[in-house]
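Right after this note come the structures.
Each of the next two complexes has chain A plus one other chain: chain B in the first, chain C in the second.
And then the complex of A and B:
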């Protein structure tokens, strides 16, 4: 067969595809926000001296990192509803599964970021009379955040790629639209290529944004 | 309320279907191992391209790695399996398509890991080896490679675990691995909770076992190196449960 690439089918549906892309980015951003918020207490609990905090936190991180995202999605969307625990819309189930999976990775990132802050910083804070909470909020956390941002953006990119899976539970995202049009018009090659290019573009932009954010946050640092 | 909910659970069908699930696990294992092996070769090629003195080759390597790291596995799978097939006569079987996609995407991650490991060995090691009169081949095989292996193994283990987890996505193109089997029987018995919970548990067990096995491998490859003093640290039982925290918060 001759190589034919029908650009019309893409330009005709570009509006829907871009709307879907926005939804993909939205669900990934919401999932990342959940992951970033959950990861912080998880990392702190994982470092706690009390096993009551440490054991559940390590178990959570192990589960979040060990169970494939697709299973988490199916579990939250189908399994929990069957048992009458709760029933979620595709968007909420998607954001939640991305958030739960990401929280394990974010907690590990926070943990390494905290341990990368030199211990002299904590000692110095204690020496000038800051309480432990003040030392954490004013001294340790801002410095740790800077080291956490590049790997954190990697997690965002991972979640963004994971968000393409949400079309399997019927979230009308970019990839769902691409599949629908691909089947209706029988142009899978064009639409999946367009979808792949869109995903790569967004992840590359995210990686660029990470670089800029990293530079802005390390403004006050002497090298 | 909760007691009432969980009283209705019926894991009997899961146990009855154990042979089918086990078949799914074997498929998963086969795909993971084969695609990891291919990804290592691909990663070495990409890393060598990045290191090349010729600028076009080095840029091509850089571009390939960036693009491959940006593609979602699910998108690539459907592109390979349905997109290319529609374009003309090029039809993959599900399992080779899955292996190819997994190997391709992960070779980019491995390339970055190999490059970082290659550069992490202190330059003094090479200078000292050559100053002692070792031929370059001996330096590479006996001095450089063991240290690179030692540095890259932990990160390679993470990639392997990611591959194992990502085989679940191959269910989308009809590879009958663990998730696909679970899905099938979950629909047949109308028991999604039981089957998906079982699948999640199986994945956790496999990932934990692989992580433990990989740590043994790391220790084996590191047994002759004395660059860092061996600190005996309690690792706990499962996922580090019961292990002492390394640093106080």
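And then the complex of A and C:
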């Protein structure tokens, strides 16, 4: 049998694949939003003088980064429902899993971004009578944000790739669709290649968007 | 507690420790209204630390500071709930609006325009609206010859220009005391004169100033009082005239060494 890359099977199913891709991007974007929002208070709590905030934040970050995504997904989707704790749709469980896992990474990214802002900036802010909170909000955070964008982008890509794992809990995402078609049409090579290309395409677009965002935030700052 | 003093600023037994290291031994100091005090000494002598203790940018470890009749103490942070120290923290934040500070490294905000750098304090700590703050900021910038750079970002400026912006930012809040922490040490030699001139004019205008500096000419010309610090303490203080014949061996050695340079 001669191997030939059958593009027809991809174009025939492109509608389903793109629908799936939209779902993949949605769940990854929602997961990233959760991670970015949770990561900020985690990073701040991790730097707190009080052990009451610091210890739980450090534990959380360690767990979020240490526990494999697949286990978090199974835990939130199957284990929690089985024990009657709560029951979530595949989409919500997926977004939450990605968000929780990503929060640990985002927290570390914020932390390093905050410490990359020279201490003189905080002193300058304090010297004009800004409170610690104002100094953070108006001086430290805006400067830290642009340092956080490239590594934050990496987390988004990681979550996007992680989102393909959600096919195991039956989320009809892009990879789930590709697998279904691959099995039905006996064309695994074509479909999995298409899946890979789609993820890479989204990654490139996201990198482009991050580059634009970084440039806009870098107003007035030399690199 | 009653603060029985007419001085603008009084330091009472102020010390600063970093862990086990004492960088400032118990120090008393008074600064009168309108007085210009220049602090000189070798690096690591504690002069910057002294200055930073005054506005609690680096809070003293022990001691008290009386400013304009009000007494301030280092905030004690509760081990478990730091927020309990908030009320003293808020007093210190207000204190800092009355004390301007200019840094060696300028510490202008790179993500804000020159105008926004100056307007920020006016808006956030003096209750100005955006428009009023912007207008006021340009006026302050004009006083240091930087009005035409109002829309520029700090990275487009020279060191001397950045320092002018930093001075305008501090003066905009109409401080009762100005602290200069080696304000010209990071400048190219040809830019030093312009910044020193602004400081001179400020002193002539009656501003109370504490100036940590290596510029001996400036100190001798402008200061009402010179303080020599070494190894975390004040060794000698006196008028510039008195410093022409210093009493202490260490002062003599220091002055000789910088005159040679």
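What we mean here is this: the second predicted complex is superposed on the first by the 220 of 223 C-alpha atoms of A that agree within 3 Å, B and C clash if a C-alpha of one lies under 4 Å from a C-alpha of the other, contacts with A are read in each partner's own complex, and residues count from 1 in each chain.
Definition applied: a residue touches a chain if its C-beta (ideal position, glycine included) is under 8 Å from a C-beta of that chain, and two chains touch if they have at least 3 such contacts.
Quick caveat, the model's predicted, so the values are computed rather than measured.
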Answer with first, second, both or neither: which of chain B and chain C does A:187 touch in the superposed model? first
Chain A contact check, chain B vs chain C, more residues touched by chain B
### Query
Taking the superposition as given, does A:130 touch the first partner, chain B, the second, chain C, both, or neither?
second
Which of the two partners, first being chain B and second being chain C, lies in contact with A:196: first, second, both, or neither? first
### Message
Is A:48 touching anything from chain B or chain C once the two structures are fitted on A? First, second, both or neither.
### Response
both
Practice problem: Determine, under the contact definition given at the top, whether A:82 touches first (chain B), second (chain C), both, or neither. | Solution: first
Note: overlapping chain A surface for chain B and chain C spans 48-49, 51
In the complex, the residues of chain B that touch chain A are 5-6, 8-9, 66-67, 69-76, 78-79, 82-89, 161, 165-166, 168-169, 171-172, 179, 183, 186, 190-193, 196-197, 199-200, 203-204, 207-208, 236, 238-243, 245-249
Given the complex, residues on chain C that touch chain A span 55, 57, 77-82, 89-90, 93-94, 96-97, 99-101, 103, 105-113, 120-121, 124-125, 153-156, 166, 169-170, 173
In their shared complex, chain B is touched by residues of chain A numbered 1-3, 44, 46-49, 51, 54-55, 58-59, 61-63, 65-72, 74-75, 78-80, 82-85, 114-115, 136, 157, 160-162, 164-165, 168, 175, 179, 182, 186-189, 191-193, 195-196, 199-200, 203-204, 207
Chain C partner, complex, touching residues on chain A are 48-52, 118, 120-121, 123-132, 134, 138-139, 142-143, 217, 219-222
